[in-house]
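Given below, in the form of structure tokens, are the structures.
One chain, subunit A, links the two complexes that follow: it is found with subunit B in the first and with subunit C in the second.
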Partner chain A sequence: MPRPGFVLDVDRATPPVLFHHGENFKLEKLPPGRSRIIYPGEPLEPLDDIEGAIHHALVNPHGDSEPLPALLRPGMRLTIAFDDISLPLPPMKRPDIRQRVIEQVLDLAAAAGVDDVELIAALALHRRMTEDELRHAVGDRVYDAFAPHGLLYNHDAEDPDNLTLIGTTDQGEEVEINKRAAESDLLVYVNINIVSMDGGWKSTATGLSSYRSLRHHHNVKTMQHSKSFMDRHASELHSSNWRMGKVLRDSGVKVFQIETTINNNVFGTEGPMSVLQKREWEWTTRDRVAFMGMKAGLDRMPARTRRSIFQSWRAPHQMTSVQAGEVEAVHEVTTANVYKQHLVPVEGQTDILTMGLPYICPYNVNSIMNPILVMCLGLGYFFNLYRGKPPVREGGVLIMSHPTPWEFHPVHHPSYIDFFEQVLAETTDPIEIEAKYEKSFAEDEWYRHLYRTSYAYHGVHPFYMWYWGAHAMQHLGQVIIVGGDVRAVRRLGFKPASTLQDALEMASDTVGRDATITHLHNPPILMADVT
Partner chain B sequence: MKALQFERNVPRYAAAVLAGRAMPGAGARVGPLRLRDLDAPRLPGPDWVELRPRLSGICGSDLATIDGTSSRYFEPIVSFPFVPGHEIVADRKGTDGSDRVVVEPVLGCVTRNINPVCAACARGDLGNCERIAFGDLEPGLQTGFCCDTGGGWSTRMVAHPSQIHPVPADMSDEAAVIVEPTACAIHGALAAGIRDGDTVVVIGSGTLGLLTIAALRAYTPASIIMATAKYPAQRELAQELGATQVIAPSELKRAVRRTTGTLALGDGDIDRLAGGADVVVDCVGSEASVTEALAVVRPKGRVAMVGMPGHVHVDLTGLWQREITLFGAYAYGTETLDDGSRRRTFDLAFDLVRGADLGRLVTATYPLSRFTDAVAHAAAAGPRGAVKIAFDLRNERERTRA
Partner chain C sequence: MSASGPSRKANGDRIAELARRIPVNRSTVTTAGRLTAAAALRRVPFPLRPPTVPGGVDVPVAKSTLGANYDTDWARRYPARMARVLMLEGLVSPAMQLLAAPRLRGLDRLTDLEGPAIFAANHHSHVDTPLVLSSIPEPWRHHMFIAAAADYFFGNKLTAPLSALVIGAIPIERTKVGRKSADDAAALLDEGWSMLIFPEGGRSPDGWGQEFRGGAAYLSLRCGVPVVPIHVEGTGRILRKGRSIPRRSPTTITFGRPLRPTDEEDSRRFATRIEAGVAALADEDATDWWQATKRAHAGDSPSLQGPELGAWRRTWTLGDRGPKRRRATATRWPDLD
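Up next is the complex of A and B:
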């Protein structure tokens, strides 16, 4: 029986705690008597029979939906959309969940005589997936059967001929999605719900949409009113997507939603990385030696080599649930299953929140974690991993540990470079940035060209990363990055610190000398359920 | 009189080249520039007057001469030994602050007693004078490079009345000494032929770059002025003087692409812009700056070389294929304004110096005896938060002697 997540009060006997630090790690001693650590739950037991569970889900749908076989008929147009490279994190060992689900859907379609099938990577404004990445996601058999015939491809949010305006919500939000998906008799969407933000109507309304549609919820106001965006019922981001979902449903777009959850088995239970998901006081001598050896090796490696090693890691995530059917009914079950793995009860807020940021976020798979993504991972994703209220009080301090190099992947993140060099040099205020610069980046011809023909994130994407942190920026009194490139950290508008102790000293200017501290021991992922 | 003199001395010149390579400005310690007691220059003609410099600036071309990086192109149009200093505010002999003048240093036909004057001088384009190595004076393109006239880095010099511009009583010496480089900047800005709505890039935010920004803002209809600046003080001044965007040099290509909305060749990294800025004003004159200028200007755009270049290796294929106009803008003379009127560049410069408070660009002054410190400071002005460094002759003892 896996142990649930819990909160440890730090005392003098507590060993130094693990902080992820990009492609490296640190062990930090937290001040006893005023610090606590939120630990994630141990990996939930996976499903015994994954293939059987998928089949069961497809024929036993949730909500007002017929079983998938009943929805399939000869002559119909079937589109299968699936989550892109941003999920799961890190990428999982083969076979990927998407492959397992899609193969079964295709088998059912074939059995029903459906021969008009197309598969679309629902990447919204993310970069296109490469052939290798698509093969990893859907498997070689599916790839070889569809891609050479142009039937497996990346969604193109800038192709006016392949987008269709479905309608507008009662709040005037335009709903524009992929034309093939919209005009199909059935859209099957295959999700990997790594966190509670994923899935639901967000899959189709975001993953298959365009800038015209996305701008209605990917904006500062929405993000500042999503507290948090990991909690659908308190998230304006989700409310907007749900309104769009209603437009889709009312217009006749038929969606069969398949959602899957995975456990916290990110680093495995064996091998040198396994120590990263153990609690420090339970480290054996062997674990300590393995950790010190790994760290000593990493310390000596060039950054490029370290990055290459980490980016090649394939996580042994295992599926813990799969459910299919009507979007909202499916998503309720999925969210409950995600919470089972991630939610950790936490009592009250503290003055300081600390976190060690790992090497990966949704937007740097096989790429570089540039400073904007560091900001987004810390103030966007990790900060928002709460339900109720943030684990740090309003006006409190966030301390993040990450090397934050002034480095960008030019192919993947060209508009990020310009955003960092030109926009952040002028202001870090998300409202001002949105008003002054968003449109010109979103409509920039070169970024559009690179998004469509190369492997670049859309021109507007760095803005969304910045907005993702807008709620945190509004909530926090100060942000400090430990061990980061000083110039890059300052460009982000944050304070650089050499050590955690320095950072805590700096934080005392804002929250006093006896400030209380919460450390988010993430990854593996946890979500603080703060009361 | 006390003067810094630059003599023809090959061993010292070689030492300056080596020292200057190791540390810009170090040529002053070991090179041909020496502090000397000299006889005051004789008046070359009956109408010439004696001046006693008050402030005299150190220009980029002076630094290149001191460190031996100037082109040999200049050899036939300078005469040794000469006293440098062509940015000058001075007293007429016998006055002390009550009759100050700024020197327009070009030694054209009139100063050389050549009559009739050449076509360029007849037009008022003094900088283009075709006789700078002829006439009654030894060769010298300007005061400060001619053995007959002396220069500003001394307590005495001579000037022809045609070179002299009175300084208004309410103008400080610091403002007056910046008039000459301001005239250069105005000439460059106006020569660039900027049209309404043009996007202009200024490469470099040293003295000349900053003054060019001010000139572009005051005298041209440029819409967007993008300037590169390396150092915080430069960035601040560039913005104050009218740059709409101030960019780190390494970020220029991307910034021009973004601002002009052009496409680019390269997969995220930019190899080359498809379009670019309408006009680029290069106020540096290095191989890197010329290359960058050609890389960020649009097809059929114009690149003005305002900073003094030397030998540079540049691939001109793009200039050919994109039909770019590369042209020089040297010194000053008479300008034609948008309304068709003709005005002396120095007159415009006086107005601009006053209007934009350009005297503030003079950051530090030194006595002649500390010339090595002065040159070192000027050579490292940017990183040291400075702009214009000048010699202050006002307290030199020799100045008050008859």
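Up next is the complex of A and C:
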């Protein structure tokens, strides 16, 4: 029986706590008496019979939906869309969940005599997936059957011929999605819900849409009113997507949503990495030796080698639930299942929130975690992993640990480089950035060309990353990065610190000397349910 | 010297006379009367030689310890298993990589498979056994026995222990119905051993498959273990039936999803489904997964057994999978005539 997450009050006997630090780790001693650590729950038991569970979900749908076999008929147009490289994190060991689900959907389609099938990677404004990445997601069998015929491809949000304007929401938001998906007799969406933000109408209304549509919810105002965007019912981001979903549904786009959840088994239960998901006081002699050996090796490796080692890690995540049918009914069940793994009850807020940022976020899979993504992971994702209210009080301090290198992937993140060099050199205020610079980057022909033909994130993507942190920036009094490149940290508008002790000392200027501290022991992922 | 001359001549005359009078050839006459090895053995006194049998006495026929009666228990004890692991990993696998360069497909279908299983493959060549054995992943690979033809692999005292030791074979009767083979195999499956079997019962005679027999299906039903269909492509080019010298050629091994018999299925119908599973894998290898899946659902998967045509048309239909034409012996300059 896996143990749930919990909050540990730090005392003198508490061992140093693990901080992820990019492609490395640190052990930090937190001040006893005024610190607490939020530990994630242990990985939930996976489904016993995954194939059987998928089949059961397809023939026993939730909400107002017929079973999938009843929706399939000869001569129909079937489109299968699936989540892109940003999920799950880290990428999972083969076979990927998407492969398992898609094969079963196609199996039913074959039995029903459906010939016209296309598969689309729903990547919105993310970079295109490479052949290897697509093969990993859908499996070699599906790839070899469809890709050579041009029937398995990446969504192109800048292809006017393959986009269609469905309509406008009651608040004036334009809904434009992939034409093939919109005009199909049935759109089957295959999702992986790693966090509660994923899934629901966001899958279709965001994953298959264009800049014209995305700009209505990927903006500063929406993000500042999403408290948090991990809690759908308190997220303006989701409200907008749900309004768009209503437009899709009313216009006759038929969506059969398949959502899956995975457990917290990020580093496995065996091998040297397994120590990273154990509680420090439970480390055995073998764990300690493994950790010391791993750290000694990492300390001596060049950054490039460290990055390639970590990026090659494939997590042994396992499926904990799968549900299918009508979008909203399915998503309610999915969210409840995500919460079972992630939610940790936390009482009250503290003055300082600390977190160690790992090597990966949704936008640097097989790539480099540049300073903008460091900001996005810390202030966007980790800060927002709460329900109710943030674990740190308004005006509090956030301390993140990450090397924050002044380094960018020139193929994946070309517009990030210009954003960092030009825009952030002028201002870090998201409202000013949005008003002054977003349009020129979003409509830049060169970025558009790289997005469509190379493997680059869209020109506007670094803006969205910055907006992702807008709620945290508004909430916090100060942000400090420990062990980061000093120039890069200052460019982000944050304060650099050499050690955690220095950072705590600096934080005392804002929150006083006896400030309370909460450490988010993440990853594996947890979500603070703050009351 | 003076004595030997006339004596040799006289002997030659005698042989010539005998050859003329008796209708036998000259060599028989020449060797007549010589001390043979058997005759020499007979001169060895008992008990140094086997006893002779008095007339009118029936000697009980000793039960053969070969063929289906060969006891292979010793080959599953630790020393033999260790030797087999070393041979498989140190010798057989590298040899197969060199000879057959196998491309493995569908291993992800075994992700959820736990416990023992029956691996059922089509059969083209003697290379199939070591190739499939070295391609099946752990934890099954080293906890495996192979159902091998009793009359072929266990026919004499040399091949029987070698078959048991090197490939972990147990003898299976294929010429008559016998309980012992099935009982032995079932006992091993019950003990947690996995099994590799070629349900066609023998190598393909012409490049096309043969009807699957019911052994794998029967054992699956009896022991409650799943059957993993496997399609082997390309081994016919390496060492097809009738050839003795292998040649290098790439191969593809495709693993299918484990199959379990349904409540309504008997071994015959389940065997048909296993054969259909292997046929779908063959189709998947020849086209792609989607085309193969559609055809499998429509019941249109190309049969493993090929079309019912005359011999040459069956061979013709094999196309690239058929035997390659033997190259004419090149005539080298300057002997160009």
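Please note the rule applied: the second predicted complex is superposed on the first by the 531 of 531 C-alpha atoms of A that agree within 3 Å, B and C clash if a C-alpha of one lies under 4 Å from a C-alpha of the other, contacts with A are read in each partner's own complex, and residues count from 1 in each chain.
Keep in mind that, in the parts below, a contact is a pair of C-beta atoms (placed from the backbone, for glycine too) under 8 Å apart; a residue touches a chain by one contact, two chains touch by 3 or more.
Please read these numbers as outputs of a predicted model, since none were measured by experiment.
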{"item": "Partners on subunit A (subunit B, subunit C) - clash or fit", "value": "fit"}
{"item": "Partner chain(s) touched by A:Glu51 [first = subunit B, second = subunit C, both, neither]", "value": "second"}
{"item": "First, second, both or neither for A:Leu27, with subunit B first and subunit C second", "value": "neither"}
{"item": "Which superposed partner A:Gly113 touches (first subunit B, second subunit C, both, neither)", "value": "second"}
{"item": "Partner chain in contact with A:Ala336 - subunit B first, subunit C second, else both or neither", "value": "neither"}
{"item": "Contacts of A:Pro410 with subunit B and subunit C, given as first, second, both or neither", "value": "first"}
{"item": "CA minimum distance (subunit B, subunit C), superposed complexes, angstrom", "value": "34"}
{"item": "Where subunit A meets both subunit C and subunit B, residue numbers", "value": "none"}
{"item": "Contact footprint of subunit A on subunit C as seen in their complex", "value": "105-106, 108, 111-112, 257, 284, 288-291, 293-294, 296-298"}
{"item": "Subunit A-facing residues of subunit B, complex", "value": "245, 247-248, 251, 254-255, 257-258, 261-264, 266-269"}
{"item": "Residue ranges of subunit A in contact with subunit B within the complex", "value": "409-414, 417-418, 421-422, 440, 444-446, 449-450, 454, 456"}
{"item": "Touching residues on subunit A, where the partner in the complex is subunit C", "value": "49-51, 94-95, 99, 106-107, 110-111, 113, 115, 117, 139-142, 144-146, 148"}
